[in-house]
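Scroll down for the structure; my scribbles are underneath it.
Chain lettering (A, B, C and D) follows the sequence in which the chains are written, and residue indices restart at 1 in each chain.
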Amino acid sequence: MSSLTDTQNSIDTRNIDITRVGIKDFTLPIQLSSKNNIQHTIAKVNMYIQLEGKYRGTHMSRFIALISENKKPINSNTMRELTIDMCQKLGAKNGEIILQTPLFIEKKAPITKITGLMNYELTYHTRIQGKKTEQFLEVKIPTTSLCPCSKEISDYGAHNQRSIINISAQYNQNIEPETLIKIAEESSSCGLYSILKRPDEKKVTESAYENPKFVEDIVRDIYQALKQQPEIINFKVSSENFESIHNHSAYAEIIS
Amino acid sequence: MSSLTDTQNSIDTRNIDITRVGIKDFTLPIQLSSKNNIQHTIAKVNMYIQLEGKYRGTHMSRFIALISENKKPINSNTMRELTIDMCQKLGAKNGEIILQTPLFIEKKAPITKITGLMNYELTYHTRIQGKKTEQFLEVKIPTTSLCPCSKEISDYGAHNQRSIINISAQYNQNIEPETLIKIAEESSSCGLYSILKRPDEKKVTESAYENPKFVEDIVRDIYQALKQQPEIINFKVSSENFESIHNHSAYAEIIS
Amino acid sequence: MSSLTDTQNSIDTRNIDITRVGIKDFTLPIQLSSKNNIQHTIAKVNMYIQLEGKYRGTHMSRFIALISENKKPINSNTMRELTIDMCQKLGAKNGEIILQTPLFIEKKAPITKITGLMNYELTYHTRIQGKKTEQFLEVKIPTTSLCPCSKEISDYGAHNQRSIINISAQYNQNIEPETLIKIAEESSSCGLYSILKRPDEKKVTESAYENPKFVEDIVRDIYQALKQQPEIINFKVSSENFESIHNHSAYAEIIS
Amino acid sequence: MSSLTDTQNSIDTRNIDITRVGIKDFTLPIQLSSKNNIQHTIAKVNMYIQLEGKYRGTHMSRFIALISENKKPINSNTMRELTIDMCQKLGAKNGEIILQTPLFIEKKAPITKITGLMNYELTYHTRIQGKKTEQFLEVKIPTTSLCPCSKEISDYGAHNQRSIINISAQYNQNIEPETLIKIAEESSSCGLYSILKRPDEKKVTESAYENPKFVEDIVRDIYQALKQQPEIINFKVSSENFESIHNHSAYAEIIS
């Protein structure tokens, strides 16, 4: 075995730093830790380091070994530890891990209080550059939006649709995904549920009608709420409304 | 060149017929012929023949050559001609071509009559088995559905959403995609438009409210309309409603 | 609550049976039971019943309640139990459940024996029609294929690529996904691994070169192996090769 | 008609600028102008303006009208004109248009010179901020990569696979997509072709074997070539290799 040439370790004369190199879309089961809860889920992971100009290649198998050996539930802290560990094992000053996973939350229907699981896509992103660590959390929240113009001009009814709200926040102290989900759902016309009985459906329909929101309203209301969160440094919020009257989306985005 | 072994042409001793072999997801620009119109568009094509047990492999480059050399606008007739030609060139008794392409149609807004292009996904599918030719046309039609239960039980409003209706019809005489699109849009709560001014939005909102439809209603109404079409031999119709109050879809399907 | 009209339960005068109606793409965490192992994973579920012509609509929330309340690990037996339970709760003679989930398997590298997790997409499908139950298992297995023609005609090297083998089997006794995966990997040029050290990479490279396979060879070899499995009634096997020299796929399929 | 309230035009008291608001994923047929050629194709378009804090909403139908009425072939110049026009029609200081479309190029096989169409995904992106205009062109180029380590350590063969190279360049003078495609194909182990005869397949196989490239080599060689292009201000280049021996990708990226 020792006789096999280590081509990756040969010297590179082009002397060009590579901003990111590593593995993409590696899928594995993980445990996810959030608020009062640890859950089993599945993650898709990208792991990159910066490669200095003098090295020809990185060692791809070390990334897989590192993430596969991790047994700790994923949260902000473990993301930071894993990224530090990766930089050390790969001999890199800079590196980042991007981990995407669904989060399941038990949600009560508004009237009958029957519970069902809602799923939200999370992306944890930790970036180390020398001594600096930056951490980001992105959450995709599906909601309902009901059009204020349609309501205003129509004798009855109003078009509404599923919307995907996307909040990506850089934070200095840990922030729970549940906090961002709550803000998004309260800023939309109505939240979604996996299970609704007729009294719930009545409530949800009327709530949406009472809370008409343009795509612009949604992102502005979320902007105001996120500005109140001391643990958030800066953020991007967007909403994509899959218009029920068009075959394209309405979209709005604020970068703080 | 003549000295390069033709591995595909060697004899295969396993003697197992291959149901379908060929190329998948080849993308190319085409012309599409429908009703009174020829349009430039882009197609994704799958081309398969049945390979007899005695041959080791087919000749993949001949499929690409055949479809690349075609200059005729695509419709039922050219699909049949191409499939016959393919079977001959590949020495096969059975073969099929599946060609997927968007169709663009100018559509007038209901009140202002302002026009905009709507796009629909078509799939032409021609299958030859010995002397028998079967032809299928599938169309995906995005529409609005408004929930009758939500309307009935709520003091105001009703949840509605984008729905995708899918009609797949086997026909004995040519059938235009426009015929299937018209049936689908008339059987939903309301059709979609790429451009609507306020008076149109009022009309569309009120029309949907006046035409509440369960996913079950949509497929049944389309079933009744398709049964009246003499050129259709049999069909499958489905509707998927991307529920504005849930994070999953409601789905119904009738196979005639 | 009791005063809210049950619109779904009203009588339908069109009198058209609906082949399938229910929920699509509902996502939830499950436990998956296979061979000697129970694992936590995430499933996407479609649940449909046949709706008789006299009923206007089905009760969508019952599907979600049923699958959400299940606590048993998923395998053939629980799939059948859940489908029977669903038909009873919805008052239907016919119904089916389609559940898609990744399966993770620990796999040893060929030389260093270092272990890593490989993921495979499974689909369990159970269909009840009156007294008849049909069960299907579909597995997608990513492998390597190396072109025999390219090897034969070239002075050195041979183009190779990732291929996705898809086996869908109807079975009369329980069949483990691991059995289908083993057959697929042994019938390809070489299996994939999540982690390989240099001696493993040498072995894998040379093995693929020693086992060149056309897309036709792969499906024929799998056909022969599946024919030996007494628990399989009939099957479909396909391979899609994401050609490293083309921007489209080579594809072959045998229906038994 | 004039009596319908213009809700979007009402005054907004939150006074929060919206970074981007408009339409997303609108699909339409276009003409694409590149090098010596105008071709019919299909584009997916996003159009956004910055909305000042005092306005409640933008006018979504104006975006669709603007792009639908354009009859000029798309290139850098028309992208800039359309973006300027959009900002004027929407009364915005800042705005951007992002247009994605395939480009088809006739490519000759290396030995037999038989021609076939290759497709590449382009994204034109023009951003106006006050008096400043920025223009970007992104091209995705599918190629072959062959692993130098696998070649070096193996007695015969070498794993190779399809790779997607992505070049995104900001330019000050017009740059043709063909220039970026040529650089990418020359920097990979070998380019792809839609149609190859046996002598071509021999050539392509041997060329890839003679030009082994790590994902790191590919992005470094492209970096060096792009640095020689005077019309490019800055760029990002990445390569994703869909490893034929793994179920995940190797990835490298340089930001200039």
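Criterion: a contact is a pair of C-beta atoms (placed from the backbone, for glycine too) under 8 Å apart; a residue touches a chain by one contact, two chains touch by 3 or more.
Everything numeric here is computed off the predicted structure, so don't read it as measured data.
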item: Longest centre-to-centre distance from chain D, chain (CA-based); value: C
item: Same vs different contact residues, chain A with chain D, by half of numbers used; value: same
item: Angle, in degrees to the nearest 5, of the Cα rotation that carries chain C onto chain D; value: 180
item: Centroid spacing, where centroids are CA-atom means, of chain C and chain D in whole angstrom; value: 34
item: Interchain centroid distance [CA atoms averaged], chain A/chain D, Å; value: 25
item: Separation of mean Cα positions, chain C and chain A [Å, integer]; value: 28
item: Where chain B touches two or more other chains at once, by residue number; value: 4, 26-27, 64, 119, 149, 153, 194, 196, 198, 202, 247-248
item: Chain B to chain C touching residues, read off their complex; value: 4-5, 7-8, 12, 14, 16-27, 46, 48, 51, 56-58, 60, 64, 148-149, 152-153, 214-217, 219-221, 223-224, 238, 240, 247-255
item: Residues of chain D touching chain C in the complex; value: 118-119, 142, 144, 146-147, 149-150, 153-162, 190, 192-194, 196, 198, 201-202, 204-206, 208-209, 242-248
item: For the chain B and chain D complex, residues of the former touching the latter; value: 1, 4, 6, 26-29, 39-42, 61, 64-65, 68, 102, 104, 111-112, 114, 116-117, 119, 194-199, 202
